[in-house]
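Shared between the two complexes below is chain A, which pairs with chain B and chain C, respectively.
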Partner chain A sequence: MGALASYLRAIGRTVLSVGDGLAVTFSYLLRAPVTLQYPDRMRVPVIELLPERSRGMLEVDLDLCTGCAACDRACPIDCIALEVVKHAERGRLIQRFDIDLGKCMFCGLCTEACPTGAIRHSHEFEGGTGDVRALVVPFVDAPRQPAKAKQEPPPAPKPLGSILRARMPGPWDRPRPPARPEGGEHAG
Partner chain B sequence: MSPELQQVGREEFVLNMGPHHPATHGVLRFVLHTDGEIMRRAVPEVGYLHRGLEKLAEAHTYAAYVPFTDRINYLESMFCNQVWSMAVERLLGLQVPRRAEYLRVIACELNRIANHCIALGSIAMDVGAYTPFVYLLREREAINDLLEALCGNRLTYHYVRIGGVAHDVDEGWQGKVRAYLDHLEPILDELHSLVGGNEILVRRLGGVAVICASDAVGWGLVGPNLRASGVDWDLRRDRPYSVYPELSFEVPVGRGEQGQVGDCYDRWTVRVAEMRQSVRLLRQALERLPAGDILAKVPRSIKPPAGEVYQPVEGARGELGLYLVSDGSPKPSRAKWRSSSFAALSIVEHLSRGLMIADLVALIASLDPIAPEVDR
Partner chain C sequence: MESLVQHLSARWSLGPWGQELLAAAAILLVAALVFVVALTYAGIITWVERRVAGRTQSRVGPNRVGPFGFLQWLADGAKMILKEDVIPAQADGPMFRLAPYACMLGVFTAFVSVPFGQLLIAADLNVGILFLLAITSLVVVGVLMAGWASNNKWSLLGGVRSAAQIVSYELPAGLAVLVVVLGAGSLSMQDIVRAQGGAPWNWFVFRDPFCLVAFFLYFTAAVAEGNRTPFDLPEAESELVAGYNTEYSGIRFGGFFLGEFANIYLLSAIATSLFLGGWQVPGVSPAEQAGSVWLQLLGFAIFFAKAWALVFVVVWLRWTLPRLRVDQLMGLCYRYLIPLAFACLLGTSLLLLAVVPGSALDLGLRLGTTGLGALGGALFAWRVAHHIRRAGDRVSLDVLQRGARGAFDPAWQTRRYGAFRKAARGQEER
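This part shows the complex of A and B:
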């Protein structure tokens, strides 16, 4: 009889505590949803929601780069390939500045080492690509002279991400799936 | 009856659990020697996620290794950053500014709450309740947003640096953290009615896989797993570091509420109680945050004098230690990580004798091991 009573009491407790839990779950019917349906049903693009310090994919403004290679030395995993050559007539030339975004671990050590702010983290993060080689982004088209450390007047700052977008085919170029009508059935 | 048939049901059945199994928390493998549902023993097989992080330390300068410490344990990167920085600071004899120490405490305690959200969520999920995991993930998401605003990344923070921290905080961010803490406390009560007090969870965890205090100490368990067994030991209080002595908090220990001291349910309750203590610590740290520098004067090239240190901190999973040897060059001579997940896994074989397979899942979840931290 005792065993049966404790068995029944356990069932009772289970029903009550499950009811407790369900009360919490059902209370969420009345609260505002927090889920964001990324990527196709965002009201604001995610990139505009990111905080200022957000470390996205790297980009290099060659109008600021002095070719000092501080970033190259600071990088723990050698994802920056920087070649500066000496030309007989034109002096020092930046011949190559490639960043392998597939290797990059977004630590920010290069941006902290850069004396002029030429290399910086954009907020871009949607770098999905079908070919890993597409993640190596070249920033130098033809050998060019490095910038001076102090320029008067300083060149106009370029909008964050604009340099990278111009150089890397990314999801921003691909056709998006048509946005689903608002208030329709749940996605997926 | 033929002799072959007489043997049926007597031999041991060897079953592989993992390396890809939803209940093994990453790439972990357990070799189960079972007799029906009952296990004779479960042997953890580790090494699938070995990335040679200790060897990598020897190839990088002290400052350049900090982002690698993020990858040791992706759920408590802040503590890994901190322990590396503290070890190097001790080798250098560097004094960290007080504001930086407070910011470290704030960042680390936020990280601890985020980690426990995942730990509790996965315990509930592994014993069959999916909803709490999603609810807790939502809470962790808010911390990820706060930490991203603080240091620029959601998981691999690279925030605590040698000599201080990377970024300062403003009033707006502090207000957001306070608002979050006000939001979190009722959520913890809600968690109890959602799942913590649920009879099914209590039955699945209470009295299961009991670790007695002497076993816990003997196998080197640390942190919440050790405290759940009733051992009152917390490095923040007992080996004080940073500014923890200035802050008041309690160290929750397991009391055997639903069975015995040291069962899976105690490991659950200790983590919930620790989240409340973290909230308390955060409130105090935000209130007392002094003005001043956030980074000490660190030499451009860090070359600690030859010597060795062992630096532990109380991470989210307990004692996270680093043994660091310097030979006076810009690169460490040897770095050895003492990770809490490795200790937690080593006790599994001892405990698994006579356990049901389903209870092994509860045990693994309640020990909260993280595969990358086990293998490093």
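This part shows the complex of A and C:
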């Protein structure tokens, strides 16, 4: 009798466990999926959702830069190319301030070294490009005088990412499909 | 169809040769129609499968091609046709090329005697169900051919496994079908459907408790014959790469693929006709239904709905259960399914002798079994409700939803991950 009982019990257990397993998966059919359809079907752009201190691509506010080259020295992989020259009449001039974002490893040491907060991480991260040279971003167009260490009044802070966006061709310049509200479901 | 051919040939006053030609044309037309319907169903099932798989795993599934990604299967089909058809140098060429056709043939030919509606059947054979059981065995030949001709250890193992599995599972499937044949007294698919009624308690599945068990036995065995998870050992990707179709690519792989997916519809359609009343409309007798086009269409729609519900169950089963081991597979078949099928056969035979059809006892038995089925359904609904309650605010009844409803909603994120962080912190402290 023991053998028959265990045989029947095995059948009962199988039926119950398969049934409950099916109930679990069926309940999952009624849950909201967690998929984010980046980039074209986001309710809010990802960049607005990043944490405040996230390290995106570097940008330099030349209204704050004193040309001290502390960032250049701090950079462990030399992705910052900073040239300061002495001009006979105009004094020190920042001639070149290029950042090779292709090399940058987003360690943030330059931002820590910067005494005025001129170099900073934006939240931009969509730097995909067809040509790696496009990732070298020049921040100086013509030689310009560096900022004084203590300015009166201090220049107004620029919105994060605005400097980089103006300097670098990026996905923000490409035409994008119109963002779709996520609730409505239509042909893709 | 024969009457139509006779009618047309009389009208156009065709000679005997003309009649033959007309009949041949009609047969070709019907064959093409059945083939196209089967292919379309197979394609749509791939979409259903991917959508259901997505939602089961909290994903979305394909949703870019057409509304809700419905046209994804057309894109996939075009891709398969355009891909290179590689034949390994060491393979047995002709056999390798032939195998997918054998596989498809076995499934698509079976569609010929599936009653989609009272008049919608390509050929109502008097040995219908026997034909179905026999012709689907052709799939084994195709799979074995593929396994052998590929000259690859995984393919061969997959083919041999498939042969062992399909041959074994034909026994419980056949025995479970026999239970129905006993009740209907005929092997013809249409006669079996006609022997049932539209209301659930007139279906064979709820005729008596043995039939209810037989339905589940047939369904399990048919899923196993179709090489579907949890019985997909012939192509177990974690052990055999892809089993018998490891070496196949392009549209030849597509042949196996379509055959497998058409088989899902086939098994659902057969289960619907045998156990779930087929095209019977509740409250309408077959004779009445034959007289009205609208009732015909309604019958087709009812069959369609039932068959697709079963297709959904097959897909759903795949994303629920893990694969069985080979010994468990054989153990399930020989130690459980076959003895149970014999018990059902015996029980139904005895009930057939004891209970007069149409008597109060018969009706009581039917209603009681229906109640049993309803009780099972209610129990299941209670379990689903239980699991939904555990999901909390993540529940969304929008089944076709696109996704990412709560993602990056800070409050939602805190609720979702906050608990997790707290648990992790607790572990660190310990």
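Operating definition for what follows: the second predicted complex is superposed on the first by the 149 of 188 C-alpha atoms of A that agree within 3 Å, B and C clash if a C-alpha of one lies under 4 Å from a C-alpha of the other, contacts with A are read in each partner's own complex, and residues count from 1 in each chain.
To be clear about the criterion, a residue touches a chain if its C-beta (ideal position, glycine included) is under 8 Å from a C-beta of that chain, and two chains touch if they have at least 3 such contacts.
Computed from a predicted structure; not experimentally measured.
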(request) Figure out whether A:Q37 sits in contact with chain B (first) or chain C (second), or with both, or with neither. (result) second
(message) I'd like to know which partner A:C107 touches here: chain B for first, chain C for second, both or neither.
(response) first
(request) May I ask you to name which of chain B and chain C touches more residues of chain A? (result) C
(message) Quick check for you: in the superposed arrangement, does A:L29 touch first (chain B), second (chain C), both or neither?
(response) second
(message) Just checking: does A:G21 make contact with chain B only, chain C only, both, or neither of them? Give me first, second, both or neither.
(response) both
(request) Report for A:R53: first if it touches chain B alone, second if chain C alone, otherwise both or neither. (result) first
(request) Would you tell me the residues on chain A in contact with chain B in one complex that are also in contact with chain C in the other? (result) 10, 18, 20-21, 23-25, 34
(request) Sort out for me which residues of chain A touch chain B in the complex. (result) 10, 13-14, 16-18, 20-21, 23-25, 34, 50-55, 74, 76, 105-109, 121
(message) Residue numbers of chain B touching chain A in their complex, please.
(response) 60, 63-68, 70-71, 131, 138, 141, 145, 148-153, 156, 158, 166-167, 190, 193-195, 197-200, 202-203
(request) Please name which positions on chain C make contact with chain A in the complex. (result) 52, 54-60, 63-69, 316-317, 319-321, 336, 340, 379-380, 383-384, 386-388, 390-391, 394-408
(message) Which stretch or stretches of chain A touch chain C in the complex?
(response) 10-11, 18-37, 41-44, 49, 182-183, 185-188
